[in-house]
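Letters A, B, C, D and E mark the chains in the order given here, with residues in each chain numbered from 1 onward.
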Amino acid sequence: MHVMAYGPAEFVEQELPSADAIGPFLDKWPVLWLNVDGLGDVEAIRKFGEMFGIHPLALEDVINVHQRPKVEPYDKYLFIVMQMLLAGEMLDTEQLSLFLGGNFVLTFQEQPGGDCFAQIRDRIRKNHGRIRAAGPDYLTYSLLDAVVDNYFPVLERYGERLEDVEQEVVTKPRRETLARIHDIKRDLLTLRRAVWPMREALNSLLREDNPFIIRDTRTYLRDCYDHSVRIIDILEMDRETAFGLLETYLSSVSNRMNEVIKVLTIITTIFMPLTFIAGIYGMNFNHMPELNWPWGYPLVMGSMAVIAAGMLHYFHRKGWLG
Amino acid sequence: MHVMAYGPAEFVEQELPSADAIGPFLDKWPVLWLNVDGLGDVEAIRKFGEMFGIHPLALEDVINVHQRPKVEPYDKYLFIVMQMLLAGEMLDTEQLSLFLGGNFVLTFQEQPGGDCFAQIRDRIRKNHGRIRAAGPDYLTYSLLDAVVDNYFPVLERYGERLEDVEQEVVTKPRRETLARIHDIKRDLLTLRRAVWPMREALNSLLREDNPFIIRDTRTYLRDCYDHSVRIIDILEMDRETAFGLLETYLSSVSNRMNEVIKVLTIITTIFMPLTFIAGIYGMNFNHMPELNWPWGYPLVMGSMAVIAAGMLHYFHRKGWLG
Amino acid sequence: MHVMAYGPAEFVEQELPSADAIGPFLDKWPVLWLNVDGLGDVEAIRKFGEMFGIHPLALEDVINVHQRPKVEPYDKYLFIVMQMLLAGEMLDTEQLSLFLGGNFVLTFQEQPGGDCFAQIRDRIRKNHGRIRAAGPDYLTYSLLDAVVDNYFPVLERYGERLEDVEQEVVTKPRRETLARIHDIKRDLLTLRRAVWPMREALNSLLREDNPFIIRDTRTYLRDCYDHSVRIIDILEMDRETAFGLLETYLSSVSNRMNEVIKVLTIITTIFMPLTFIAGIYGMNFNHMPELNWPWGYPLVMGSMAVIAAGMLHYFHRKGWLG
Amino acid sequence: MHVMAYGPAEFVEQELPSADAIGPFLDKWPVLWLNVDGLGDVEAIRKFGEMFGIHPLALEDVINVHQRPKVEPYDKYLFIVMQMLLAGEMLDTEQLSLFLGGNFVLTFQEQPGGDCFAQIRDRIRKNHGRIRAAGPDYLTYSLLDAVVDNYFPVLERYGERLEDVEQEVVTKPRRETLARIHDIKRDLLTLRRAVWPMREALNSLLREDNPFIIRDTRTYLRDCYDHSVRIIDILEMDRETAFGLLETYLSSVSNRMNEVIKVLTIITTIFMPLTFIAGIYGMNFNHMPELNWPWGYPLVMGSMAVIAAGMLHYFHRKGWLG
Amino acid sequence: MHVMAYGPAEFVEQELPSADAIGPFLDKWPVLWLNVDGLGDVEAIRKFGEMFGIHPLALEDVINVHQRPKVEPYDKYLFIVMQMLLAGEMLDTEQLSLFLGGNFVLTFQEQPGGDCFAQIRDRIRKNHGRIRAAGPDYLTYSLLDAVVDNYFPVLERYGERLEDVEQEVVTKPRRETLARIHDIKRDLLTLRRAVWPMREALNSLLREDNPFIIRDTRTYLRDCYDHSVRIIDILEMDRETAFGLLETYLSSVSNRMNEVIKVLTIITTIFMPLTFIAGIYGMNFNHMPELNWPWGYPLVMGSMAVIAAGMLHYFHRKGWLG
């Protein structure tokens, strides 16, 4: 539990030992930002809910994570839910629940530990930019913007992964390649399901004439909304690429089968007639004049060579030999 | 036929011996909940319909089950149809028809036996939460919420089933695997067809300014609506997974064919030339000098071994041997 | 040409010998229902059009069948077009054109012979239900309801047909199976093209505040609309099933090819090495010591048996033998 | 350049030698129809544009053909663009640009030569129907209706072509069949791209309350709009059929491969074991007692026949023999 | 940095040495067009932003390229983003950021070097057309029109590329063909993602009643909007073609496999029985009367020829021989 309270001139930052310690800050500052990192202490969350007048259902949504990104207007505050991406090998999301009131911003993060707000805290501390001069809506915008922009590096990672798989599909497609493509496709779908409602939510912030966001901040939010649209564009592009890789993989499996069958056919087509000829002169008829010719054996061997060369020439002309 | 009548202070519960026994309860209680379990006694249903002033068409929809989830506003009541999921191996749904009036809630369940309302009855009996203090709209919300939340465990079961099938597809795909995938796909589609209109219906409860649902309850219903949207999300995700499994299955069939054909080609390619050589020295020409060489036989056997080794080396380099 | 004229108390029914014979009925009865069965007598249709004040374009739509289901409001009447299903093996539709005026209902059926209105005529004759007491809008509802409900048995037939084909696909897929699946798919598409605009048309009857349909009847039409939505649901489900059958068919063709190739591979893999060994000892070298061993022949035969058994064991372990 | 000027009573028709010759007709007649056939004489088109007060951009759209069908309202006229179908083997369209003013209709056709308006000219000349009595909006409707109805014979031709290809796919699918299916699919897509905006344009004529089309004519245009919807329906149906043909073609290619592989497998499976047996008795061991049996040869031949018969029986039971 | 300032009568053109040099032009001319080519000098861009009163967020969008095409209304100007196509082998886009104010047009191009505005500059210089007489909105239209029309030659290039690939697929499909098709598909998708929002943006310029675009110019923009719709049409058509090529490619791979397997089957089917017969007469039984017949050898050779001819006849009748 971390509190930052600030106005254009003053600024206080404090770790809260308990929920009650928030008392002295209430309604004393132009902007009060209370950030709760991790949802372990349900009792404290309930207490905050009471103190800030949060509806029990909204609190439930804070605690039962896996909500879809959304914006819900209440009388005294806006309730915003977003999914933050966590750094790491696996795709992992964390729910951010944000309450924007007249003079406070409450944020609840699903898991304790690293978030993407360090820069914002710095800007508040050092009074960089317009954040200290602006209201809680601008802080909300900054937080949402950080959440949205955090999607881009993840998308880049997936772009690189797709290029890796593409390389693999073209050079030596293996059975695991298919699984990798499907994994990427599923992750992209998960991302898409997180981003679409996020875009919707940001759009509803733009549209609605709610009293918590002033016109000036809305211009900034429009920028944030644009980013979410771009994320969706990249996602769709990536999904299309993944789909194309799948097709290429399947077609390359088909191509390799073709190649194998060609080898089979070439070998069979060359050796079957030769073996047949050898078989003929292996017959035990008493009256086979060729067997007694002095040049019989070399003649047969010669015609076999001619037949084999003819076959090879035929396959070469058909383009089957490589 | 089960009656629960309650207000903030009082509470009565009774099994009805006949439809007429409802008489004394009418218009005497803040909230009257009549639950009819099973649609066998059509006569009683008609009587209830008359007593509560239900339109004959709505009653018909109660009796002719397999209606789509919907909300129909009438002058004196709301008519709500939902599909409840039944526990069990197979996917099975049961129609819940609900009438919400000014001071009553009528529910008709398709089949007698277990429903998912036990907890709600308990809360009424023990006066837990705000249910006794609230009106029939809050009871309606509680019932709908129970119906919606009952979808989640079923979805979880399908999630597990999909994981099972995925295991099967990867390790040893069989012919029945395809049927299982299609079964799951069809069930998910059935669920989807139940949930989409349910979402629509819940949304219409939110939007419309009907006199039966007060503003406070609408906040709760919004939560219920959110759940229905999450169910749809999970369903779509599962369908995507099922689709991916189908593709993996088909590609694994293709892969196995590839493998079989490789074995065929390797065997043919190795033994055809060898058999041909053996055939040559099985010919009965009188003038075949090699046949008289003392080292002819070992030489031929040696070259055969060399050829076989060469072929194996070639296949090994091509990656066909494993 | 059949006339039914009725009010709450009176009722007259008559076959018209000619178009002019309708004269005495005009504007004399609360509800006048004129049904023209078959569009052969274009002259009579034109006469009716004049007498009831129908726009020439609407009359043209009556005669040029294959119109999409639609509702067109005119000043003095509503023009409704529906597609009725005909009983029979093949999917066949017949256009029903209906004009709903202030005190009359005109219906034109494409083909003479059986329709699905027998029950409605009976209800008028015997004064069952509320039909005699209600106006022409209720009669219109009854007719539309009969048309819509007539789709359900046809859908059931297609459901059964799909089950038949499913059986066929699983047990012994043949070439005709594919054609049958495509036939069903096309029929379902045709049905869909008939039902979607029908749903639209019914919806427009619900929405629009036209003077020809009173509020009470609209409640009934909502029921009829619900049925049309259910028909669409069933159709979509059936199409999905047909699509799944197609996939299963294609995959089963693939599976059978796999099986055939396995047989080929097993036979080749067992007999090629054996034939090669036999070929070796068929060579005519003078110096082949094995040929003179007394146990040479049994030894070779024994090792051949061992090789064959080894191959079979290998295929068994790979699961190729059944 | 062809002028028809008419009112209920009078009628004049003239070929214009030059653009200026239109002068005497201007604002003298209830309806003036100037038809320019072919866009070669750009100068004349510009002059007409000036005389009728056409916006330069609209004139540019007249000259730069390949516009999408559209309706653009200007202050003094409506600008309508349609795509007319040309008769002929190949699918070919021609742009019709139409200006509807208070007392004139201007039409520009892309190519000189046959159009589908002969019947309309006849009706004007012979004063058939209501065309002479009506205003320029009715003439516009007649022209649009002629354009729309001209799509039906083309669609019929494609329907027949699809049937031809279907026959071909079922009886003897060849490589060109695939190309033919794709050609038809592409043509249908081209048609679809022409008809969809046409439908939109006609719909906008219906909806908008423009002063150029009186209410009565709008009823006629609704009919024309219905036709465009039907064209779209037929197109969708045809595309679905083409798609089904593609699937049938691919599956029949697969089936034929299956057949070829079956022949291969049957031959191999029968002759490999027999050849092996022959190989055994071709071995040159000194101690092979069977070789000296008098019945050795017939016995071996008999067992070979038994083996072959057994194999055939097996394949017959498996249904591989036809 | 290039400045063109003009009115109906006067005209000045100048390369700016530094950002400050714009000062004398401000608010002195009916239309001031400042074009910044390349985004290297961020400081200058910021200065321009200040001087023209541009919002910092809009400036950020100018610098951070890869924005989606969009139109954003601000109080004192419109902010328009487009993607220009660059000439060259590869598909490459460059962001054009345009600010339209009451008496100025600011354009920022991503990369220095060639743009598609040469003709517009010429028209200004030589006072061709209405550009000098019109306001900055007409200049904006001219610029957007140039950007949009620049898509057509690129689309034509893709059309030609598709025809090339089609030729390749039909005559000699290679492995790279698949990659080429996918490359084209991806490029078309990229184009589509650039054009769709462009269409949206142009449409919003048409719709909104903003004070920066007068009614007359809107007519011109409608034309520009039409072009963007046509581009989308062509793109969709091309994507459909690319999709069809993919299918044709896959089916041709399948066809070639068929051909290979046919060769294999024909060879096997002809030579297996012959080899078997030769094997029979290679057996060493003592009692094989045929071996001693004088005509034994020719008889066997004759029957072999008959069998081979029969097989060939069978394959010929089946149409396998070419």
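In the analysis below, a contact is a pair of C-beta atoms (placed from the backbone, for glycine too) under 8 Å apart; a residue touches a chain by one contact, two chains touch by 3 or more.
All values derive from a computational prediction rather than experimental measurement.
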Intersection of the contact lists for chain B and chain C: none
Copy-to-copy rotation for chain A and chain C - C-alpha atoms, rounded to a multiple of 5°: 145
Chain A and chain D: spacing of chain centres that average the CA atoms, whole Å: 42
Interchain centroid distance [CA atoms averaged], chain A/chain B, Å: 26
Chain C residues counted as touching two or more neighbouring chains: 254, 257, 261, 264, 268, 272, 275, 279, 282-284, 288
Chain D contact footprint on chain E (complex, rising order): 170, 219-220, 222-223, 226, 229-230, 233, 236-237, 240-241, 244, 247-248, 251, 254-255, 257-258, 261-262, 264-265, 268-269, 272-273, 275-276, 279-280, 282-288, 319-320
Chain D partner contacts - residues on chain C that touch it in the complex: 55, 57, 60-61, 66-68, 70, 72, 172, 175, 178-179, 182, 185-186, 189-190, 193, 246, 249-250, 253-254, 256-257, 260-261, 263-264, 267-268, 271-272, 274-275, 278-279, 281-284, 288, 290-294, 296-297, 300-301
